[in-house]
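Got some structures for you, see below.
What follows is a pair of complexes built around chain A, which joins chain B in one and chain C in the other.
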Partner chain A sequence: MAKWGMVIDLEKCVGCQACTVACGMENTRLPGEHWQDVIFFQEGEYPNTELKWFPRPCMHCENPSCVAVCPVRATYKTEEGQVLVDWERCIGCKYCMIACPYGVRFYTEEKPRYGGPDVKAVFKSGDARSWDPPWRAPQEDWRHGVGVQPHDVVSKCTFCYHRVSKAPKGTADLDPQNPALREFTPACVVTCPTGARFFGDLSNPHSEVNKQIAYKNGVRLLDHLGNKPQVYYLTGEGGSVPAERASKLKV
Partner chain B sequence: MLDAAPLAGRDVRHITADVPAPASTDMSGALNEQVFWLTLANAFLPPKGEAAFAAFRDGLPLDLAELTGEMGLAADAEIASLRMGIARMSEALELLVEYSSLFLQPPVPAPLNLTRYVDGSVNGPCLDALENAYRLAGIAKRDDLRDLPDHIAVQLETLAVLLGEEQPGIDARAFANLCLVGALPRLAAAIAAEAPASPYAALARLAAKAIAGLAEPTDSASERRHRRAQRRADPTLGVWRSCDSCGRPFAREKEIAIMAKALAQVGLPAEHLARCPDCRDAAQGFFRRQIK
Partner chain C sequence: MIAKQEPKSFGEVFALLSRLYREEGAVNFLKLCFTLGKTPTPAGRWWMWSSILTVAAFLFVMYQLVFVGHSSFNTSSDGVNWGMAISTYVFFALISSGLTMIASLAMVFGFKQFYPVAKRCIFLAIITLASGFAVLALELGHPFRMLWAMPTGMQVMSPMFWMGVFYSIDLVLLFIKFYLLWQEDWDSPLSKFVGAASFVAVILASGMLGLVFGSMVMRPMWYGPFTSIYFMLTAALCGAAAIVVTTYMAYGFDRRNMGPHLRELAEGADLPKVFATLIGITLVMFLTRFWVGLWSNLDGMDGFHALVRTPLFHVELWLGLVVPFVMMLSPGMQTKMSHQMTAAFLVLGAMFINRYEFIIGGQLVPMFKGMWAASLLPYEPSATEWALTVMGIGMSLALYALGEKLFHLSAVPPTLLETEDRPAYA
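Let's turn to the complex of A and B:
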């Protein structure tokens, strides 16, 4: 059984947010509800400051806080390592949003953050879905948090479960450069113009993700908390998540 | 028969096993429904003797056809099934055997103690609610009725009594919704599964169809969800934890305690629960760029 994980090389990432847009399109997200966002911050003291960034999807932790606090077991971890939300069970209590130290969960009924109109009101739904987008991706699987979500639930990055779950068994890496595997690779990985993202089996010692983590000293965000994220960052010399940022709690 | 007897300063009516059959169906429309439920209550009692069998075979379909016609209830199919079901029986014993095999003989395929369909067992919370309703209505079971107060005959007779009162202790519709509305369709399904051609299957279908008229309109799923979300966000309910950064209440203290305990059980810290999720990024110096 694979244990899917992601590696993001911050030396390659240019902060273009193509991943954010691709994720929104692939998963029919509301405007402003970015399952995969790019986070910016400034390093240094004025006048010697530097703008840096890093993409932040759900970390799909090995020991997820969200799963621990969910009162109805709507948030769960699959055998292949994805942390998902069962929208059939979710009651919208937001415990998982409060408990997640990474801030990567979204509540359906929140007001739009992007400053535009409330598209849920513009594209009202006549069924159980929370809105009726003019275009939506065909996949819909509420038990795995895929598709247009219903009202009053929490949603999050699924590591593109609808794609990855169909990958051939035993695949070590989902490389978007390989035409045979491209359709099974998460949308953000496929679309990254600089090839900064890698997606593969963390339990396979020969996978590219494991090699990258080993050779380039991969770090995990807020690693000291003990959640054991399955998203690794390669910081290198000019990487934007410095080691202390990844390991020291500042909240 | 309903007996009125003063008890503790108020009248208490006693529900008996001998539910009176309607003396005449020449009555006002307001009473038709009452008589209809009394008739059904009578029909679900054990058919003891030739007289009961004759009444069941000859009188019941005619009475029900007349009553449902007056009530505007479309029940032709059920009454036709009732006629066909009873027509295949030639003597009283056959009807009694049918009654016993459906409702009495263990394992009982279709119990007439209706709270079993609601609670899944006897003596559940639905039975408690019914007993409370009887107390409010000032109704007591007579000693010679050797069954629980959730028996279908008791409930239907009580419903008929409540429908006939100007100021009942409990509203008839509210009483029906305690158990009958939920249980009668399941009773009909249970009988249909065991003996679809039985006259009791037709009677149960008719009762289920008629009780649907008393069902309280339930809130839609979206209304329930909206109300639940409102209660969850109501700052006047419970003691709220305010964010260390922005000062806005974001969760109740009780919920924070539950979450902290759950996190501790899996060896995870809970210090970050001091801030609301919206303020954590800013506390770390993180910000987002808006995509327009």
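Let's turn to the complex of A and C:
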């Protein structure tokens, strides 16, 4: 059984946010509901300061605290390692949002993030979906948190479950350069113009993701919390990930 | 406000109601239900106005939820996920737990002087928990789904799962205990067992509610076993404050209306001593928590610096805790009704702020949102969230007035009356 993981090479990432847009299109997200976001942060203080960034999908942790806290088991981890939300079980208590150290979860019923217009009100839904986008991707699988979600549930990055779960068994790497595998590869990996993202089987010692982690010292976000993300960052010389929550309070 | 007579079984209740319905006709019957009797009483007035308030708030919340949805809350995925509705729920749930603890002083630990408030405590524990659950149900996205998804999911790792289990057990035990007290069964082995079991359940429930927050290592302002203890002990303080306020309310804020046992408790030094001790413990824990918060450099603890700069923090500390503490310690003030009342009101206000500041404050520093998010999240409860809180308070007050009218909440065990050779009061 594969254990899917992602490697993001920050030396290659240019912060273009194409991944965020591709994710939004692939998964029909609301404006601002960035399952995949690019987090910008500042290091140092003026005048010796630098603007840095890193892409932040869901970490699909090995020890996901969101799964442990869910009182109804709506959030769960699949055998292949994706952390998903069953929209037919979710009661919308938002405990998983409280417990996620990476802030990757979103509640459907909220005021528009960018101050309006409220897209959900403009494209009102006539059925159980929370809104009716003018265009939406065809896939829909509420038991795995795929598609336009119903009202009052929590949504999150699925590692493009609808694509990855159809990959041929035994695949070590989902390389978007390989036409045979491209349609099974997560949208953010496919779209990345600099090829900064790698997606593959962390349990396969010969996979490209494992090689990258080994050769280039892959690190994980907030590793001290013990959630053990399945998303690794290669910081190299140019990139970095913050050791803290990337927003320092000025008091 | 005190009930003159109490039906002793469900059969009697239905017989009484149906007789009233036949004699008065449907319109008058409904009118009587609304005013709680033909002659105006304080309980009737409280019931009427609180019910109107509750229904108005409920209708407003429902209107918002149906036509706007939970977007009418000011909560956001970028920061404050749990808003004032959750802090109101915690406020009520912990008042309920505290009231059960105060009732246990007499019923489990044998401090007989607290018997005159025991039945009222149990009744109030039921209605405050019900109010808390009502507020929570309207906050949840799919409250009814919880009924089947929790037992079928059995996620035993979740503190919220256990919170639900223990508070449900607590509510059932409270109902049984109140039924037994209604039947004047104070001392049977069953009654004693239910009393002891309620105490255990309430410790587990309030402690588990603490662990819902305390288990969150990624939220350092909440994290740690201390949170559980903090919730249990501050619950006891809330219970003490609530019973002082409600008991005086029941007697029209005049001790002369009270029976001898209750008046003895109200005029004696035991009640203020318990009250002062609980305020003192809360003060120590409060200051400990803020000391650690302000001292530590740990990422995420910065919210404490922001909290101490809010006026609410100082209202809570100085007006809501220090002033009542002094009042309840001073021999000249502690037994006076006006001071006990003031202290209890101030403490309840402080504890409402405390829950708000604990829950909202713990989320003020955004979680991994980068520098585009505000470094300290702005949050103010929306009109819907305020209405939900008003609904909870109104519901508690209304049900309390109803309880005072229907039940004899100041009842004491007959043995207490016999041994001290005092006339029963009713």
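The rule is simple: the second predicted complex is superposed on the first by the 241 of 251 C-alpha atoms of A that agree within 3 Å, B and C clash if a C-alpha of one lies under 4 Å from a C-alpha of the other, contacts with A are read in each partner's own complex, and residues count from 1 in each chain.
Note that a residue touches a chain if its C-beta (ideal position, glycine included) is under 8 Å from a C-beta of that chain, and two chains touch if they have at least 3 such contacts.
These figures come from a predicted structure and were not determined experimentally.
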| item | value |
| --- | --- |
| Clash or fit, chain B versus chain C on superposed chain A | clash |
| Which of chain B and chain C A:Q17 touches, first, second, both or neither | first |
| Partner chain in contact with A:N27 - chain B first, chain C second, else both or neither | neither |
| Chain B versus chain C as contact partner of A:G103, first or second or both or neither | both |
| Which superposed partner A:C90 touches (first chain B, second chain C, both, neither) | second |
| Chain B versus chain C as contact partner of A:V72, first or second or both or neither | second |
| In the superposition, chain B vs chain C on chain A residues touched | C |
| Chain B versus chain C as contact partner of A:T171, first or second or both or neither | neither |
| Partner chain in contact with A:D152 - chain B first, chain C second, else both or neither | both |
| Which of chain B and chain C A:K111 touches, first, second, both or neither | second |
| Partner chain(s) touched by A:F41 [first = chain B, second = chain C, both, neither] | both |
| Location of chain C clashes with chain B - one stretch out of 43-51, 97-105, 115-123 or 133-141 | 133-141 |
| Chain A residues contacted in one complex by chain B, in the other by chain C | 37, 39-42, 65, 68-69, 71, 91-95, 97-101, 103, 105, 109, 151-152, 225-226, 245, 249-251 |
| Chain A-touching residues of chain B, taken from the complex the two chains share | 221-222, 225, 228-229, 232, 250-251, 255-256, 258-259, 262-263, 265-277, 280-281, 283-292 |
| Interfacial residue positions of chain A with respect to chain C in the complex | 33, 37, 39-42, 53, 56, 65, 67-74, 89-95, 97-103, 105-111, 113, 118, 120, 151-153, 221-222, 225-226, 243-251 |
| Chain C residues within the chain A interface of the complex | 69-71, 73-78, 81-82, 140-143, 145-146, 149-150, 152-155, 157-161, 164, 212, 215-219, 299-300, 302-303, 305-306, 309, 363, 365-373, 375-376 |
| In the complex with chain B, residue positions of chain A that touch it | 17, 20-21, 32, 34, 37-42, 63, 65, 68-69, 71, 91-95, 97-101, 103, 105, 109, 114-116, 128, 151-152, 225-227, 245, 249-251 |
